[in-house]
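Structures incoming, each one as structure tokens.
You will see two complexes here that share chain A, one where it goes with chain B and one where it goes with chain C.
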Partner chain A sequence: MPYRLELTGITKRFPGVLANDNVTFAVKPGEIHALLGENGAGKSTLVKMIYGIMQPDAGEIRWDGQPVTVSNPKAARRLGIGMVFQHFSLFEALTVLENIALGMDAKIPARELEARIREVMTQYGLLLDPHRTVATLSVGERQRIEIVRALLLDPKLLIMDEPTSVLTPQEVEQLFEVLRKLAAQGCSILYISHKLHEIKALCDTATILRGGKLVDTCDPRQETSRSLAEKMIGAGLRDITRAEGRSIGQAKLVVSHLSTQKAGHFDVPVDDVSFTVRTGEIFGVAGVAGNGQNALLDALSGEIRSDKDAISIDGQGLGMLDTTGRRKRGLCAVPEERNGHAAVGDFSLSDNSVLTARDRLGMVVMGLINSGAAKTYTGKVIADFAVKALGPASTAGSLSGGNLQKYIMGREILQKPSVLVVSQPTWGVDAGAAAAIHQALVDLAAAGSAIVVISQDLDELRALCDTLAVINMGRLSPARPTKEVSVEEIGLLMGGVHGATEVHDAIPA
Partner chain B sequence: MDLTLAIIVTVVGASTPILIAALGELVVERSGVLNLGVEGMMLIGAIAGFVVQFHTGNPYLALLSGAAAGTAASLIFGFLTLSLSANQTATGLALTIFGTGFSALAGSSYSARPVTLMQPFLPVEIAAHPIGKVLFGYSFPIYFAFAMVVVIWYFLHKTRAGLILRAVGENDQSAHSIGYSVIGVRYLAVMFGGAMAGIAGACFPLLLTPQWAERMTAGRGWIAVALVVFASWKPFRLLAGAYLFGLVMTMELYAKAGGGVLSVIPSELWAALPYLATIVVLVLISLRRDASTNAPACLGKPFLPTN
Partner chain C sequence: MQFRLEKRREPSQFMLYATPVAAVALTMIVGAIIFSLIGYDGLGAVREIFLTPLTNAYKWQDLGVKAAPLIIIGVGLSIAYRANVWNIGAEGQYIMGGLAGTGIALLTYGMTGWWVLPLMVLAGVLGGMAYAAIPALLKTRLNVNEILTSLMLTYASVQLIYYLIRAPWKDPMGMGFPQTRLFSEAARLPTIIPGTIVHLGVPIAIVVGLVAWFIMTKSVFGYRMRVVGAAPHAARYGGFSEHKTIWLALLVSGALAGLAGVLEVAGPFQRMVPGFPTNYGFTAIIVAFLGRLNPLGVIIAGIVLAITFVGGEVAQTTIGLPNAATGIFQAMMLFFLLAGDILIKYRVRRVVPQPQAGAA
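Right after this comes the complex of A and B.
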């Protein structure tokens, strides 16, 4: 049987970068094929050429055995190539139906299109109201639109660009069901991800890219997550080295009976939360997204103020202080949303450093910005955290997600805060960068800081934290030493079962 | 009765150019482009329409040449903002200044030389009766404006091309990644806006003042721009808004002429009313936090493909 898609010697050059260097691989009909690689390895560039958004500088694309030129996305769709983008190409002010109609090349009457949409939705269990405005839909529902839009074209190859980075575990499972169903019907799937366990669970073949070059094509089920990760980053994966004899000292950050007000329709406030983090301790907060993590981070960082004594460092209450006041006292925080919350996309990295490090590192003198100090500090962050950026003058928005995260973590960690609160420190970050960020957190704790890590990634928390608690519906479970809790117990707590007896209204997540 | 009739006829005449220009700008803004050069394009359309009417006496040819001149002016704007990604606000302002100067220069030899006004669409016999006069006593542009309200509403909401235009104004990057030509759609929208502004400009010598006067559009282009926001980018609200503004402007004229009750309020206040109303409406719209303001999300942002 001929291959559905064959790439031979694909090369793409950008000014200063070789994005794809002589890449050759093939996808069989009905195969779920993973495209694996770190941020900047050239995965996105490669699929953009398959989908006709870009043209290769050299090399050949064969489709069902025939050489083809995919000059634009329309040509790609005519061939039977569908794509679901990482950042949804949806129009928020338009309805589901209008959004789908825009993605169709053939002119189909609205009524007929709606009938076909409903047919595809029921066939694959992707339920949506076609007349809802996209702005009112959740992220998972928005992805369903993209998938339905692609499926309406009866694709023979479906490209999924990091589809699960925004989904809950349940939504991921539903998505996998749909993809397996599709593959069973003969549709090939090109699945881009850096989540190794997903690839091992879903894919038949994995093609691994590194620095624009093809490193290996293998069967992911025959590999371990570790061996895949090592191929991806091209070096042995470093384990987190914990400084021997790191001692946990006395109480540093004490949170007592912290509550917040419900701020908006979708806000989950925290309710009577108490915990203590000691010097040298990494304290983990686990939980399914949307259980009060955002409110907890905002209350700790100072974006939401509270009673003076609800939050204290070294016995001094600072609940009344704003973020600047708390930073002066040694409490730094990294929110989950990196572009727009943790950093200003249109500002240079240097200016972004001034925004959070100005007081602790004396970057503002008598109201004037000491740009030399900001530049030097930013250069140090870039160097120490291996941030791929041209320099301190690059804008934050020009960095890839993983690199921006490394910069933001570095910016806070190098300020040597006595308390650091981070949310989702490695969200959307590849394995190599994640290991570097974890190591930096461990080193900071070893130097005597108290650290709070809020994350949905249980593996991350179990590897990193000394103590764990679970947040559910805004309430925090009692803290337990990580070594003494099992995954099952954490899972139950995440579902809302506190202790053995107390049962909150558990939400079937 | 006669006064009421006269007022209605004046209101219709005053509202029509604003409505036509605003409809064009509505389409332009729905595609995500903010063209503040409406006033300038109207003046260029006005002088083109005047010159053709003066030499040929054919008002339809005059309207057509107004449209052509407005389109040409809009292409300057389009080239700068779409092909060269220049700042839309600055370019639009420059276009207005250019249009004011250019029309004054081109019209300098035509001062105090009258043209004939455009005649009613239907025969005078029907238009003689008071009701006939109110309904049918107007010339072509008035009916054209009404028809365009319906046509543009239908185009935006019922046709695929209109959906694409809204999509481009809502999220240019997504439209691009699906495979639509953002720049192409915006060029067409900008040209349509230019043609409509040109027709609106040509209405001034053809409907209102049968001679050339410098800056004869007297800021109506700016009211048209404000009206688009006032109407939340919806054609039928634009119709209501244009007639409301036309009514207030007519009140101002009557107040100035000492028209009884109306002169209780000084004419300066009448003149300020449309602008006050715009501000009040904008405040009310922005107070409704929950509902969207309906503004196209990409309005005024230059399109630079990210890949």
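Right after this comes the complex of A and C.
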């Protein structure tokens, strides 16, 4: 039997970067094939060429044994290639059915389409009401829409791009069931991820990319997570070293009965949140995206103000202060969105340092910016955090995601904040950079700062945090020591099991 | 053969400065073609509009006098536009500045003393500021779009001129003409080059541009304006309140438009007349964009636009071009500039057509 998909010598060059260098691998019918690599390893570029979004500069793509040129996504779909993107393209105000109808190449009458959707859903156990409005659905349910949309076309190859990054552990298990069923029926699956335990649990074959080159094709079930990671990163892994003698001291950051207003239509505010972080402690907030994490970060950083005593450091209320006022009191924050929120893409790194470090580090004298000081500080951040940038004058937008995140984390950490609040510190960051960022957070805690980490990555939180709480629909569960909570418990809390009645109240009729 | 726009990794510095030049060049070429097609001497029109004001030394003083208000207003607008605050009503703020200055000139009529002019200038600045405060208040309190309010207030200010010069401020010796009396000596802007019409406003415009450049590049105020415009979310994270920025942007641009107004009424006009609104406030929008929202660029752009004004007048007399031709040339310049701006962030690449997919 010929391979379903065969890539030979695929090469793609961008100005200054060789994104894919002579990549060769093949996917069998009915195989779940992992495409593994760090961010920037060239996975996305490769997949974009398979799906027709880009064209290779050299090399050949064979489909069921025949050489093909996939000139655009429509042609890919005609061949039988479906793709579920990491970021969904759904209209929140429309229903499931309307969203699927909008994405179809062929116009199908609504009644017929609904029948087909229900058929696909029952066949694969994808439970979803076609008439629900997307805004009322969880992220896992939204992903199911995208999967249904792809399955309606009867694909022979389904590409999944980092599908589990926004799911609860239970939802991940459900997704895997669906994928296994699909594979059993002969559909090949190309599964892109950097989560090693998932790949070990799900995939038959793994193709590992590093720096645009193919490193290895192996059976992930025969490998350990560590050996896979080392192939992916290309060097021995560095474990986070917990500094000796890190001791958790007295209460530093106290949040009591913090609530925010609903700003946008689909915005989730925080509701009566209370917690305490002590010096030297790393406090983790787990939760599925869109459960009030953004509002929590904004309320802590000072972008949203609150009652004076809702937030206090060392017993002094600072809820009424803006971000500048809070920074002066030692509270720094890093929001989730790097470009346009934590940094200005069009500005140089030096100018981006002025954004948050100007007061704590004396970059402003009588209303004038001391650009020399900003440059020196930026140089220090670049050096200390191994940021790959030409220098302080490079624009933030020219850096890769991981490097920009390292710069942003460095910019805040080197200000030696007594309280640091970070959201998704390693979102979309390669393993090497993630390890460096984790180490920096641990070191900062060891130096006596109180740290809050808001993240959707449970592995990250469990590795990093001393204490964990889960946010769901804007409410925070009671905090517990990380060692005492199981993944299952966290998963249930993430799914909102502790407050089922409230969840139902929150869904508009 | 196909062409495609491709996003650049970094914005092109070359294009940033090349597109204004290209826009002026394209305006000349297309202008020449269009006016030839409708039966005028197209080449002559371009020559008279763009070159004569430069080659004829006698016209230079006109250039300075026309450029000064354009530069002063354009600098203010460039600051506001940086912060994405779209003050379109500089003409109204210019008028209110002129009226406030006129008020002081009439109150102090017949008096002498060095303090009269500074007082007028102060009044003019405050007048422009106060008028720009209305859109700021509406925007920050009720979220009313400042483009609409600032523009509509312009028409209200024109009516205010007509009212004032027909009734309370009418020249008692003016034989019924709707205008104020000629300001007394102390309320007139001195000329700085004897024998010409070049008044104190011309060097003031240059100083305003230089000071604004320094503030925009070196100060926290300038940083605030740039960051709010480039990434409002990041600005909030950095501790810059959006409302305060809107107020600052409108007050600064209003103040400078008011300054231009008072300098204009105390300089070239020396009295308030119905013809005082000369669309400087609107033309300055083109100046601000042509100058790349950079105060130094605005100085150059102000001179370029002044050339078209002076040249337009020349062309009216020499080749009988209608007055509206000046407006057409100015509008073309803005059009080509905005169209060309896409090349700063994108580049054009030729695409070699690919054969269609195997499965048809």
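As a working rule, the second predicted complex is superposed on the first by the 302 of 509 C-alpha atoms of A that agree within 3 Å, B and C clash if a C-alpha of one lies under 4 Å from a C-alpha of the other, contacts with A are read in each partner's own complex, and residues count from 1 in each chain.
Here is the rule we use: a contact is a pair of C-beta atoms (placed from the backbone, for glycine too) under 8 Å apart; a residue touches a chain by one contact, two chains touch by 3 or more.
Because the structure is a prediction, the values reported are computed rather than measured.
Engineer: After the superposition on A, what does A:342 contact: first (chain B), second (chain C), both or neither?
Structural biologist: After superposing on A, A:342 lies in contact with chain C but is clear of chain B.
Engineer: Based on the superposed arrangement, let me know which partner A:90 touches: chain B (first), chain C (second), both, or neither?
Structural biologist: In the superposition, A:90 contacts chain B only.
Engineer: Which partner does A:324 contact after superposing on A: first (chain B), second (chain C), both, neither?
Structural biologist: second
Engineer: Once the two complexes are aligned on chain A, which partner has more residues of chain A within touching range, chain B or chain C?
Structural biologist: Result: the larger residue contact count on chain A belongs to C.
Engineer: Mind working out whether A:103 is in touch with chain B, chain C, both or neither, as first, second, both or neither?
Structural biologist: first
Engineer: Is A:369 touching the first partner chain B, the second partner chain C, both, or neither of them?
Structural biologist: A:369 contacts chain C only, not chain B.
Engineer: Touch check for A:71: first (chain B), second (chain C), both, or neither?
Structural biologist: second
Engineer: Share the list of chain A residues that count as touching for chain B in one structure and for chain C in the other.
Structural biologist: Residues 72 of chain A touch both chain B and chain C.
Engineer: Which of the residues in chain B come into contact with chain A in the complex?
Structural biologist: Residues 160, 163-164, 166-167, 170-171, 173-175, 177-180, 292, 294, 296-297, 307 of chain B touch chain A in their complex.
Engineer: For the complex, which residues does chain A have touching chain B?
Structural biologist: Per the touch definition, chain A meets chain B at residues 48, 53-54, 72-74, 77, 85, 88-94, 98, 101-103, 107, 135.
Engineer: Considering only the defined contacts, which chain A positions touch chain C in the complex?
Structural biologist: Within the complex, chain A contacts chain C at residues 15-16, 52, 55, 63, 66-72, 75-76, 78-79, 301-303, 322-325, 327, 333, 335, 337, 340-347, 351, 354-356, 358, 364, 367-369, 371, 395, 397-398.
Engineer: Show me the residue ranges of chain C that touch chain A in the complex, using the header's touch definition.
Structural biologist: Touch list, chain C to chain A: 9-11, 218-221, 223, 226-227, 230-231, 233-234, 236-239, 241, 354-360.
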